[in-house]
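Comments concern the structure below.
Chain nomenclature is as follows: A, B, C and D, assigned in order of appearance, with residue numbering initiated at 1 for each chain independently.
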Amino acid sequence: MSYQREWEELSAIKGELAERDWFMGTSGNLAIKAGSAPGAFLVTASGKDKRKRTAEDFLLVDLDGNPLEETKLKPSAETLLHTHIFKRSQAVCSLHVHTVANNVVSELYGDQGQITFKNQELIKAFGKWGQDDELIIPIIPNYADIPTLASTFSHHVDEDAGAVLIRNHGITVWGRSGFEAKKLLEASEFLFQYQLSLLSLKSTVQLQS
Amino acid sequence: MSYQREWEELSAIKGELAERDWFMGTSGNLAIKAGSAPGAFLVTASGKDKRKRTAEDFLLVDLDGNPLEETKLKPSAETLLHTHIFKRSQAVCSLHVHTVANNVVSELYGDQGQITFKNQELIKAFGKWGQDDELIIPIIPNYADIPTLASTFSHHVDEDAGAVLIRNHGITVWGRSGFEAKKLLEASEFLFQYQLSLLSLKSTVQLQS
Amino acid sequence: MSYQREWEELSAIKGELAERDWFMGTSGNLAIKAGSAPGAFLVTASGKDKRKRTAEDFLLVDLDGNPLEETKLKPSAETLLHTHIFKRSQAVCSLHVHTVANNVVSELYGDQGQITFKNQELIKAFGKWGQDDELIIPIIPNYADIPTLASTFSHHVDEDAGAVLIRNHGITVWGRSGFEAKKLLEASEFLFQYQLSLLSLKSTVQLQS
Amino acid sequence: MSYQREWEELSAIKGELAERDWFMGTSGNLAIKAGSAPGAFLVTASGKDKRKRTAEDFLLVDLDGNPLEETKLKPSAETLLHTHIFKRSQAVCSLHVHTVANNVVSELYGDQGQITFKNQELIKAFGKWGQDDELIIPIIPNYADIPTLASTFSHHVDEDAGAVLIRNHGITVWGRSGFEAKKLLEASEFLFQYQLSLLSLKSTVQLQS
């Protein structure tokens, strides 16, 4: 079975995100469906340095996260989240990264269970084109037990593209292509950084005006 | 008709801005006049990954934004803003990007309709060399309707080089060359980051002195 | 005696950290054990530009920090700290860098003598996998006298992997491999930046809710 | 007269600083003495894109800033500051750059005329090795008249290595080599960023403890 094209695509995305330092401390993991096999996807191997590009970066697994080829590699511990995305939607690519901004947002808004963006051009990346459209990104607790985490996560996978924050555990986005998943990831990060900067300044400006 | 030189110039600018992550979530668009044809310019094609360099990055359009060559590419949705710049001034290049700082400034000062810089060395980039010169950058509302947005925008295009903020929708700068447009873009970004940093610290310092 | 492999490994780590500007003003130093000689390690030579890669970047020293080969190079002034790590643990690599975040954290929490992280996914890099696990990073005073500094430091080297902040003098991490040391360094930096961002925003958010 | 070596050295420094975006909006300028001619130095030509490397990046001038070779290039408008450094000290290299942090510090501490650093490891870059040593960086007003600015500046050039902030007009550092000048520039920037981060957080932390 051939998945050279998907490997190249995921590898390019990995390289780009690594350059931004979105995999600090070996955190983060990525997955892409292997097109010719409906029930198979490539996922990052556990414990690798994601700034390097090697033949052991990814391995092929089935929709339950079990390796489909003989390998000494172990799939990322959070592969279960990717399986839920591919089982519950037509998504093709799923990306999970930690950034300082997405972790801080997840903590500040964690008790509210979500963060809402409105009147922001960048929400168009999520298909929100109307004047009054809102983008809501859910925030779920960071259960140490991965099956519990994955199950809670799966309730928010109701479209083929989306994003979920895990409290103090980064963001997971998915889309109908690697390109779309990356677009949502970038737009989310931009909105989070914007929100934190605005929050820190709003009170100051009110004091001065 | 040949526009190889302009293509190369715009492509180099795109690459430089992409490296700074000023096109997050596929936002932003660029335009440069095709010198040998007074009524033609190159503009970014819609929906491309601006970190990549391909033969489909730009397409040639006339001053109304209609493609001048047979192509399956679509000009960027905001091409209309570039057409106003080229119609109303002698500008040669026009750049639109989102940064966290320019979006936050546009929101904080949006109600005032402008932001003013004074006693800052960097305003010299805009030709403000006098001891008491001021740089005023207008901020317009982000109308979802592009023709309304473009029309409001056009009222601020009264010189061959300038800059306008759109609220929560980034900045558009233009200049008599790609070099000048880029210079204004960089100077604006520097001033915005300076302003946000100063705002966040001024009250603190006053409390301590 | 051959240490080509260790040289390459340390050189690659140096290059990666230099790219992030973690050696500002020629600060920082690195060390790795030379595998075939139990009592020898490579350490950065004093006063070099760490953004460059040269044959004089490192020199081989014994466990007391004395050069093992004829050389005009001087080991980094803080080599003594690395010797304590290699004497008191099975660590293989030790990294010392200054970042703005690690210096600010060391000052803000210096009087408390430590900083504690909990409920943060990234503490897993330190082997803290339990729901209620805590990561404690000690902060020691920055004694100008290096032997005093090294002696104080050595009391915190009780495992084969760990991290210690020196007040206004960066962080030192060590691990059972270059890969592990780098992982701890990145995870620490992430946690510090997170902490500073959260601190600056928490009061603001409470005011608004 | 040959100055190939000095050209290469200054060009490498320029490239490194440009990569950090320390020449936003074509700001900044650099100078290095041409070793074989005691009264000559290379200085950046006016109005160039410092991210590019060309044969027109620098020109040779005498100690009054007049071109020593036939050229259509104009020396940077602030060449006068460099001439004072080379006339009043044994410095070999002089660097002037704008960063957000150095501009904000120059504004916050401008009325006090200086900023002082103590108990910071990084001040060792300036030769401050003692437990109680202080680093004082003067801040002068940004006179629009360059001769007035240069004259005020020159009063602070009393050593062969040093640094001066110009209010809202960046920093100028100089040293006995390009390497030393760059080291001081990096150490200053680190200290400024540290100071701004600490200032923004100190009150917050006090409130919580």
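Here is the rule we go by: contacts are C-beta pairs under 8 Å (C-beta built on N, C-alpha and C of every residue); 3 or more make two chains touch, one makes a residue touch a chain.
Worth saying up front: this structure is predicted, and the values here are computed from it rather than measured.
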item: Shared interface numbering between chain B and chain A [over half = same, under half = different]; value: different
item: Of all other chains, the one whose Cα centre sits farthest from chain B; value: C
item: Distance between chain centroids, defined by C-alpha means - chain A, chain D (Å); value: 42
item: Distance from the mean Cα position of chain C to that of chain A, given in whole angstrom; value: 30
item: Multi-partner residues of chain A (at least 2 other chains); value: 200, 202
item: Pairwise chain contacts under the document criterion; value: A-B, A-C, B-D, C-D
item: Chain C-touching residues of chain D, taken from the complex the two chains share; value: 16, 20, 119-122, 125, 129-131, 179, 182-184, 186-187, 189-190, 193-194, 197-198, 200-202, 204-205, 207-208
item: Contact footprint of chain A on chain B as seen in their complex; value: 21, 24-27, 49, 51, 98, 100-101, 103-104, 107-108, 142, 144, 166-170, 196, 199-200, 202-203
